[in-house]
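Shared between the two complexes below is chain A, which has chain B as its partner in the first and chain C in the second.
Up next, the complex of A and B:
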């Protein structure tokens, strides 16, 4: 069978990146920014979006210059040893991010959906599905995301729209009453939900038109920021800032209080949580795929499915390390620190060196 | 997996005080009695279709676990329609109960959290012929939204939103026994998670108009103390305006009421008659609002009308000055009510 498993279009790349960013954050981000910045939290997300834009443009510049993945770029610029260090770092980073996301999924599913199913089983089913989606190459993986993602996202936005019937616009007043430094702290907090663009670093060799990387990240940042600002605003307007702070997953609590107009669906929570599972799936798939790519180019192995198989137990083990929300928060806090080197510092370093060494320029 | 016919769906939860514990009353429908026997034999069975089960416990989750040993089918709590808190318990404090309700993942956030002007178990033992299910009867006292200005039209999630943003104060729906029926008129005032008193129908209506929430609500009054008129408030829009902010703030509420005339015992309504009617209705609205304000401001001294919230949201600089001793300041806040009535409908008779 002839399959073009090698290249993805610009549009596919955009959806791929957005699907990474839209994940656990859609249930918890309003609380995270509310804890730090109160009702001004949505401003923090916009600022976080600006940081994301800066970081992602650097990543895009690196990728469009070199057209390779991050390990190969580092090897080219800084030598073999540095590339191993960077590769190992990204392996840790992707695995921790995926683990946090997957563990949150397992906890929510355990609480609301599958009360008697062991969490380990929920995790392993998700991982098996993810492994299956990643086993051939980038094209089938991205296609799976392309089919699932718009469907899930539009449905979720629709559900949030139904919540607007309860929204009181003055809940987000007064504007800018929070000290600026708190707004900025909250915007760092929001990065965990907003980022996803660093996966472009492994997509480099697969882009059909790498010169369009900048367009990819700009559209990605716009959509993701807008999406999160919208969800946060609606949550604040429905629950108010005091109640948003009270729940682990305030967006879900908001949806639980809503009946769709006309009472066609009395309960939206069950639907929303199933949609959310799809969002989680697309996130974990993307991280898993990125992990495989880094390991492949680090080890020189060629076969996608074997590398995926090697990683499977590792993913399972790390995901199962935190056993509850509080423990998972500790890992998530650790992951939050990893974002800065992974998405900002390393790409910036690579970019500066590549200019300095004049690599990847058109001859 | 538990099949749906192996489950019971709790419709009402009543919570009362009993010594140092709570008395929980759960009611659930006996489905076979409602739809007929399993063999498909005709509808309806003999006897009561609602089962009442009571238990003493220290918390809601404990209570559910205790009645689980006594019910044949699996208990499902997430379709409960009403949670009714008895008067005695509400006076004692509802913080713990609210906490258990919010922590329970099965709590139906679209249900109603109601204060009973009585013991909750008494309300739930009421047999009413209007509806087969008591839960639907109580729910639709609120949900059917007939004259919603006369009661506190808030469901669980809205009450929670208020109680958290006012740090323990809220206006909650109330239910009383009225002969054979139950009555949802009026409201309960909660201060610092404790019930401190009730508002009657007129006071609640006044507060609702002040908050711009009274829609399709009928009011009967006398113009000049002689002519009876019945008017409907179609909608009310209320805008607070801060006039002065000295020792106590002075706030004017501009209220625009769109009204519809339902009944009047008078001749043709001419230009003069209309003016009289408008002024009379505005006066009546003002009277009702002031009655409600008087109650919450002077008697109960609790800011459930959101004056503090308004100042915090719209005038955050001024609010800083009052924030610390708002509880003392609030009863002295000068509130000027300025209603304007516009009739958009005068009925079919000239």
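Up next, the complex of A and C:
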């Protein structure tokens, strides 16, 4: 290479991780927290953000110590067998996450965007894009995300802002009217939307400065939490604390109700979903890459193009598994449980062992 | 696996050329006898070259000794007046009976130092250089018994003068443009940078055309790695001919698949100069009225020289307009099709109704309608380019007004479609770089197809794909989408808003310049307050 600008810079890593976290959660998070915690759901998200911060700092500590991906780190610390177990677990985890996201996306697109198009079409086009992205490699994809994601998020927030004209602040007042334990249980619901930092576990070898991982995750947590709190607050204030839980996708219901400023568009729902496609793409592509990276590390293969090709039918099959929204929600619930080991327990274990074995410490 | 494929498809390598013979073959020395030399030139090198003229003459010195000489040149390439006045006349008339030349060496020295009155002249002792010089428009003076010849720079063919650049016109700002003449072009840049650090490296490319190519860069700003890469790539260009810098561009660019140019073309010496100051490398090719600039980013292709000559607010506004133009140039018809065919509910009711009313009686689907109009427009444009000026304009009027109007009347297309296509075409011409604009014309078709398949979703997929593709492109080590890919606020000073010049303190990042700062910030900041004199 002519110039050393291939590796992922710190700023790029921040945007990349945020783009993973901002995805399906936009649609359903207000409903999830409203179901459990009512009008104080947004406080649950802040608490969820605190959990995220703790978990992500542990992940960052592991990565900045070892500067490798999770399989290599485990192999280094606990031996070959443990690394295979951990690797297999992450393979299942990433594939389930990607499938849930892609499936939810197909569901929504089918509902609001392309009524008569079969779901398989949206799934396969999305997977083809993701496949193309993995053919060109992670660094160009991250560069593309640096343009796509801020652009999409800016537009999305702009659309949300236009909803503010209908907001009523008394929908969220008074604060802390829900029992604290309910707020806490709701905060676990929010983790599915807030997480994304565990991708750092496979990003290690691509980072230009892995020692700055802590900075990455702190900024990541702040922005993601703020973003979700903002969206949830607006949804509560516009739709109402009791009505939010009635809708499958409350945020879209909210957007559907408004006319674009200046009446350029009668409704904004299809437009906001087209923009949201970008957010979904950034999420799915990250999981696909993570999957490839884990497989690469496990098998010792070098060519990620071939690995990506092998994974394609598997992703397609698993994404197509649920036949309707209810089945999808069951898988999503299953994925919710996988988050704890994937993002919290395994990194913590690795961190403790790496401290005991004194690996990766600066000499 | 890969090796197997390679072996299967590896045919016999056919080398057209076994060695480069672009640089002159210096091994064949000039003979002592002038008649022999003329014979070699006439019968070996310039056989059947009727445009080569060999003029033999004699000089008689004071002792009555005759010295035989000959000048060789190509008719039409040289300034004949110069040869007559300053070479032949100077020697035949003014040298006559002037002194005694004892030896041929002595004569040569005298001719060189005190007889010939031309500015540029050099000595050579072989046929290769002499022949190349003659072919390039220089004149060779052969001297009997000297074993050396003199190469007199006498290039003076008919050429186009410096004119205003036709594709990059500005309202304010310099109006001179590059021409087809190599030296004039280089000189126009040199005239703007009076600094010995501006380096001009000249090489010849093309076995038959032997085209001069100059690599210009500023030492101390341009990254030596980039310059080296340029030289390395140019060195490998072993081809028959370079007729235009476009050939060269396609040979040495990073990706031949890309629909977008990985070089910036400019007809303006001031743009080339600005690029040099940014740390880019500029290629000037003979016979080409534009220069090639690299490395380049996608966004810098949307900059125009005037952005920097006008006030920054205006420049910023125009930048925004161009961003909108990118958007409409790629996807205006696609959005129309998506809204009309897939999401009519999104349009304001009145507009939806009026579109519906105008589409009443149009037999085709929106996609076919758009395709008909786009193809018609492309045809008109192509026809307009081919035809001479006034007729080309007539074609534009006939096409735009009459055919558009008639098509609407005949009920083949709806009037709104005509508006959409017109907006699309106008936006693509609002992009300063023509080569980018035609890239966008291509994309319009792709986006139209995507949108006819999947509506707004198809368009989004198209944009994601386009961004992914663009992010793989590189131009001499610069990311094509730089500096967006870093989101570094410090590097954004020349992007979305063109910062006031006094705040544009750093060179852009993508060229990896050796020297980052462009101005003395402290002194500049004192200008408005006027207390510079007090301090100083």
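FYI, the second predicted complex is superposed on the first by the 357 of 363 C-alpha atoms of A that agree within 3 Å, B and C clash if a C-alpha of one lies under 4 Å from a C-alpha of the other, contacts with A are read in each partner's own complex, and residues count from 1 in each chain.
Heads up, the rule we're going with is that a contact is a pair of C-beta atoms (placed from the backbone, for glycine too) under 8 Å apart; a residue touches a chain by one contact, two chains touch by 3 or more.
These numbers were taken from a predicted model, which means no experiment stands behind them.
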Looking at the overlay, does A:266 come into contact with chain B only (first), chain C only (second), both, or neither? both
Check the residue A:144 against both partner chains and state whether it touches chain B (first), chain C (second), both, or neither. second
Taking the superposition on A as described, I'd like to know which of chain B and chain C A:174 touches: first, second, both or neither. first
Pick one for A:274: touches chain B only (first), chain C only (second), both, or neither. second
Touch check for A:258: first (chain B), second (chain C), both, or neither? first
Look at A:9 in the shared chain and tell me whether it touches chain B only, chain C only, both, or neither; answer first, second, both or neither. second
In the superposed view, which residues of chain A touch chain B and also chain C? 266-267
Chain A touches which residues of chain C in the complex? 225-226, 229, 342-343, 345-349, 352, 454-457, 459-461, 463-465, 467-472, 474, 476-479, 481, 484-488, 512
Contacts from chain A onto chain C in the complex sit at residues 1-3, 5, 9, 11-12, 15, 109, 113-114, 117, 121-122, 125-126, 129, 132-133, 136-137, 140-141, 143-144, 146-148, 150, 263-268, 270-271, 273-275, 277-278, 281
Footprint of chain A on chain B - complex, ascending: 102, 105, 109-110, 155-158, 160-161, 164-165, 167, 312-314, 316
Chain B contact footprint on chain A (complex, rising order): 111-112, 166, 170, 173-174, 177, 238-243, 246, 253-254, 256-259, 266-267
